[in-house]
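Per-chain residue numbering starts at 1, and chain names A, B and C are given in the order in which the chains are listed.
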Amino acid sequence: MKIFHIETHEHDEIIDITPLLETFVREEQIENGVLYVQSLHTTAGVTINENADSDVKRDFLRRLDEVFPWRHPKDRHAEGNSAAHLKTSTVGVTQAVLVENGKLVLGTWQGVYFCEFDGPRRRRIAVQAIPAR
Amino acid sequence: MKIFHIETHEHDEIIDITPLLETFVREEQIENGVLYVQSLHTTAGVTINENADSDVKRDFLRRLDEVFPWRHPKDRHAEGNSAAHLKTSTVGVTQAVLVENGKLVLGTWQGVYFCEFDGPRRRRIAVQAIPAR
Amino acid sequence: MKIFHIETHEHDEIIDITPLLETFVREEQIENGVLYVQSLHTTAGVTINENADSDVKRDFLRRLDEVFPWRHPKDRHAEGNSAAHLKTSTVGVTQAVLVENGKLVLGTWQGVYFCEFDGPRRRRIAVQAIPAR
């Protein structure tokens, strides 16, 4: 298992961690199996989504913010970041990605993204790979 | 790892892939471990939900569409399918299912579903099993 | 694989199952790998979220209920619990947690939670661990 640090720069931000994971898979010499990425936070998650048009990221974060608005008159959590907790459980904190012949199995448009919902912050992710046999 | 093709017929559609996965587990002679299903797309996911009443599927897709409507005045993504990206990250692209004694571990009402959010299309899923020992 | 029973007491409820999973990891003598928790139901899921302020739980359940209200004039599912199906697929039924040196890898504020969305009921979760090597 390896811990990576991620520096986020916006309050809500989607960061492509595919290259970092590809390097990990190569260095660990995983041939076939499953790679796991786990955000070690409750206000930041990990998801797989589109790696091509950056407008998808903007639409994604804006729409998620409409469903779970930052300010909510009924929220009781003193820190005031309940929306970030909800967004995190919606996308999930752990993402599994299949590995075959030493490469991440990703569709043409798929990338793995770290999702910051209460930044900017210094964040940590844990990465582990499990061989198929 | 094996790739399966799935033909979808509706714009939004939930397709039971449990039988396909059961066949895979039997053919691969997995006794105990975890099965992974990964959609190779950014506008179609995989989830576990109810396999009994088909009204659940209809309510599921209709309510998800109300939360993430297809048309949104602020969307900037040129392809116009940002809603499908959001629905996909909400249900997730990868689903893990436990395997015991050569069978998928599923509750009485559970089935594994491929979720099409921008069809109809020809889709692909990757399936892999990891033994427990 | 082991099955655990969970008694829920509210209609919507978040129950910390971290201690139960830590005991499982210790008893099974898992050193490094991944632990899986799978809810065997379609109206109850599993997620990782904040273990500190219980107001987060209240905000979490209340906001999720606003996005997927219990009663919806267009719902057709006779059982009337379509909202619970949607909440379950949103948080997911299966949660993976990394394990290192015989301990669950969790951030400072992370705990693993069973999410009841149609209680109170007697529920079941399946737990399995896969070693890294």
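Throughout what follows, a contact is a pair of C-beta atoms (placed from the backbone, for glycine too) under 8 Å apart; a residue touches a chain by one contact, two chains touch by 3 or more.
Quick caveat: nothing in here was measured; it's all calculated off a predicted structure.
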{"item": "Interface sides of chain B and chain C: same vs different residues, half threshold", "value": "different"}
{"item": "C-alpha-based rotation, chain A on chain B, 0 to 180 degrees, nearest 5", "value": "120"}
{"item": "Whole-Å gap between the CA centroids of chain B and chain C", "value": "19"}
{"item": "In chain B, residues with contacts to at least two other chains", "value": "67, 90, 92, 96, 130-131"}
{"item": "Partner chain A, residues of chain B touching it in the complex", "value": "1, 36, 38-42, 67-68, 72, 74-79, 82-83, 85-86, 88-90, 92-94, 96, 124, 126, 128-131"}
{"item": "Complex interface listing, chain A residues touching chain B", "value": "32-34, 47-50, 53, 55-56, 58-60, 62-64, 67, 90-92, 95-98, 100, 105-110, 130-133"}
